[in-house]
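Before anything else, here is the set of structures, which you'll find just below.
Two complexes are shown next, each including chain A; its partner changes from chain B in the first to chain C in the second.
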Partner chain A sequence: MPAGPYSDDTQWCADPDKIILETLEDVTVAFHKVSGDTHILNFMSAAVVAVLSEGPETFASATPKILNYIQLDEADCPDGIIKETILQLDEVDLIAPSRGNQ
Partner chain B sequence: MENKNDKSDLFLERRRQLLKMGAAGMPMVLTLRASAQEAIISQLRCVITLADSFKILVDDSGAAWVGSRNIRTKRDGSYKASSLKKFKDRANFVYPEGSAPASYRPDACEECEVDDSHSHGHDDDNWYTDANGDKQSSSDLLAHLSDNNGNYAMTDYLAGSGDDDSHNHNPACDDHGHTQGNGDCGYALYEYRRGMAINPGEYVSGNGFTISGDVGLYLALSTIYADEYGGNGSWPGISCIVSVLNYLGQ
Partner chain C sequence: MLTKLSTYHHTELSEALLKGTVEMTLGCFSMRIKATDPTLLDFLYDAYRDVPTNLELSDVTDISLKVHAPNILRRYIRRQVIADPGFIVPAAPLPPRLSPLALEMGLNLSVALKCCRFTTFHSAVVAKEKGAILISAHSGGGKSTLASALMNDGYRLFSDEFGLMDMSDASLWAHPRPVSLKGQSIDIVKEFTGAEWITKTLTGTPKGDIAYRRVRPSDIEESSTPAFAKLILFPTFIEGASPHARELAKAESLMKLIPSSTNYHLLGEAAFKGLLKLVKGARAYEIVYGSTEDSMQMVRDLASGAGL
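On to the complex of A and B.
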């Protein structure tokens, strides 16, 4: 379950100041400084964090940027996988809805 | 950004397979909550329980006085000027102009104009004046941090701001344009009660604190204090504040 209410218009963002990222080939280790939790991200979730660290994005606006980041086309990406990944990252506090745009 | 042509077909095919597994329900994120984190994260989990009540008086310039004296009020509810002056004179800690965030400052008074040219006393910005009103450097101040028993004694040392209200051109005004006859004009008071629990970790945002509510003012002044004196001194909860700031890399 996501941490809070959201819609297709919700803008999501990551706070790079709260996360220490270490990439090991296609796996990224993310240490969340506030919670103290460590997360293992695959290339998709790492791409989401990277893109949302650049600024707030909706599901729709983030999708082309994430696909570009992971070097795949839309046809390679199963329906809903990006949205599902965003919600998973929200659940563990690595990203959050941008304030004022929920 | 890497170029798509840099990756082999096999590499991209493996990514496609992984995405299919994700669509089938495999999590994209695995979370580890190792017990080893506790030692590290404890720096964020300290809680401050106030041993004594105190008040923070803020003027429109952002200067702040911290003390425990009561400030008496008049029939109309405004503060008595004499009581305000006593609070300032006997404050345990005095912060210079610009210390309190703008959102905690009251509006300036309209009756008086600030006129520093007639001031012959000590600079109000100087929060290092000693009990005799003599200026002290930071090193001098730090030398007074502990007494012979190793106890911190900054509270007494910092008491008294060196306010030179008596040298104003207009006797009705102090150096900041506050009227002396109209009680609380130009001041805001925040109170913190004994036993109040403050969890600084709950206010962490980025590399600092989220400044909101009455606790936000305390945290803002605490950060200034920590920048100047670290974990030394008798500012309430300073060791916890420094612990959190150290964790955040401040």
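On to the complex of A and C.
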């Protein structure tokens, strides 16, 4: 379920206790223990979940860490794709705003 | 002491069926059956004749199914039967001559919705010594016909309806009930197995004509031995289509199997981990075919490539 209103200051996090990530060949599969749903993640989504599992980040603070995780320069990454990915992962409950936001 | 159902005298089986003390054991599930209609008795003698059966209840069974009239009126006037698996299901009442269909549908519902020792997939499974083939398809996809053809190729039947996966190690377990054949597949299977293996055809059912291929004694005798999947098939039958196969990535195979499971979400993490083991250990293909002969040649080649 999406978080609803958010701002650039919203801190996002993934709870590693609720998610199992598994690599099958070159694809990451995520199992969400609470919903029981299984998702295939592209490399960007897998990177977002991995980085946000380390601790809460805003869109701005997460971006360099995610780019570093997938070894891309900012110039190689289309505008807004990280933000869009974070919001999509929020839709399927793989990440959520951290409690400090509430 | 379990003895083959066919060794019981008509009278004692009939009495036990009325009392609800017919207890059959098939692979990983035991079943208790209660019924009032004599049509069912004839069907049991035919389709279940080699199944280990006890006429005195010895323990709690996995499945307890009653086939009876939907109400007192329909027991006597314009008689009807329904399958009652112990929970309310929106089952359409059937005429008594179709009580075998009510029984089979009720048993399928019971396995699908009540048995959570296994992750259950809507699929057929057959196996040889080196491993199993799991065939996942929608109704009409040809899994029962393909399973029957593979039985003739030396595979033992686990089920034409359910893949039953032990979540700890992804082994597949057998529950070899009669193979359900619909429409044209009845004659196709009759041709290569011989008519003596096929029950009387039930005509005019809500699913068209239906007959059952009886399970072989060897399938029942070996039904306590599990197997590991080496090959996963997702067949599609398209009349006249030339046969072709596409190998699937492991993740694709996993995502295609999840919607075919009746209890994957319910079982959660254990089911996910088991399913991972299953897809990691097997090659998976989508196959399209236009005839049973085409599909069999293709499946033989794929099975050989998968080490079967």
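Side notes on the structure shown:
As a working rule, the second predicted complex is superposed on the first by the 96 of 102 C-alpha atoms of A that agree within 3 Å, B and C clash if a C-alpha of one lies under 4 Å from a C-alpha of the other, contacts with A are read in each partner's own complex, and residues count from 1 in each chain.
Keep this in mind: a residue touches a chain if its C-beta (ideal position, glycine included) is under 8 Å from a C-beta of that chain, and two chains touch if they have at least 3 such contacts.
Owing to the predicted nature of the structure, the values given are computational and were not obtained by experimental measurement.
Residue contacts after overlaying the shared chain place A:25 against chain C, while chain B stays out of touching range. Using the contact criterion defined above for the overlaid structures, shared-chain residue A:36 touches chain B and also reaches chain C. Which of chain B and chain C touches more residues of chain A: that partner is B.
By the touch criterion defined above, A:17 reaches chain B but does not reach chain C. Looking at the shared chain after the overlay, A:94 reaches chain B, while chain C stays out of its contact range. In the superposition on chain A, contact of A:50 is made with neither chain B nor chain C. In the superposition on chain A, contact is made by A:84 with chain B only, not with chain C. Shared contact residues on chain A (touching chain B in one structure, chain C in the other): 33, 36-38, 40. Listed in rising order, the residues of chain C touching chain A in the complex are 249-251, 254-255, 258, 264-266, 268-269, 272-273, 276, 279-280. Per the touch definition, chain A reaches chain B in the complex via residues 15, 17-18, 26, 33-45, 68-72, 76-81, 84-85, 88-89, 92, 94.
Against chain A, the residues of chain B that register as touching in their complex are 1-2, 4, 7, 12, 14-16, 18-20, 22-23, 27-34, 37-38, 40-41, 44, 201, 204, 206-207, 247-248. Per the touch definition, chain A reaches chain C in the complex via residues 20, 22, 24-25, 27, 29, 31, 33, 36-38, 40.
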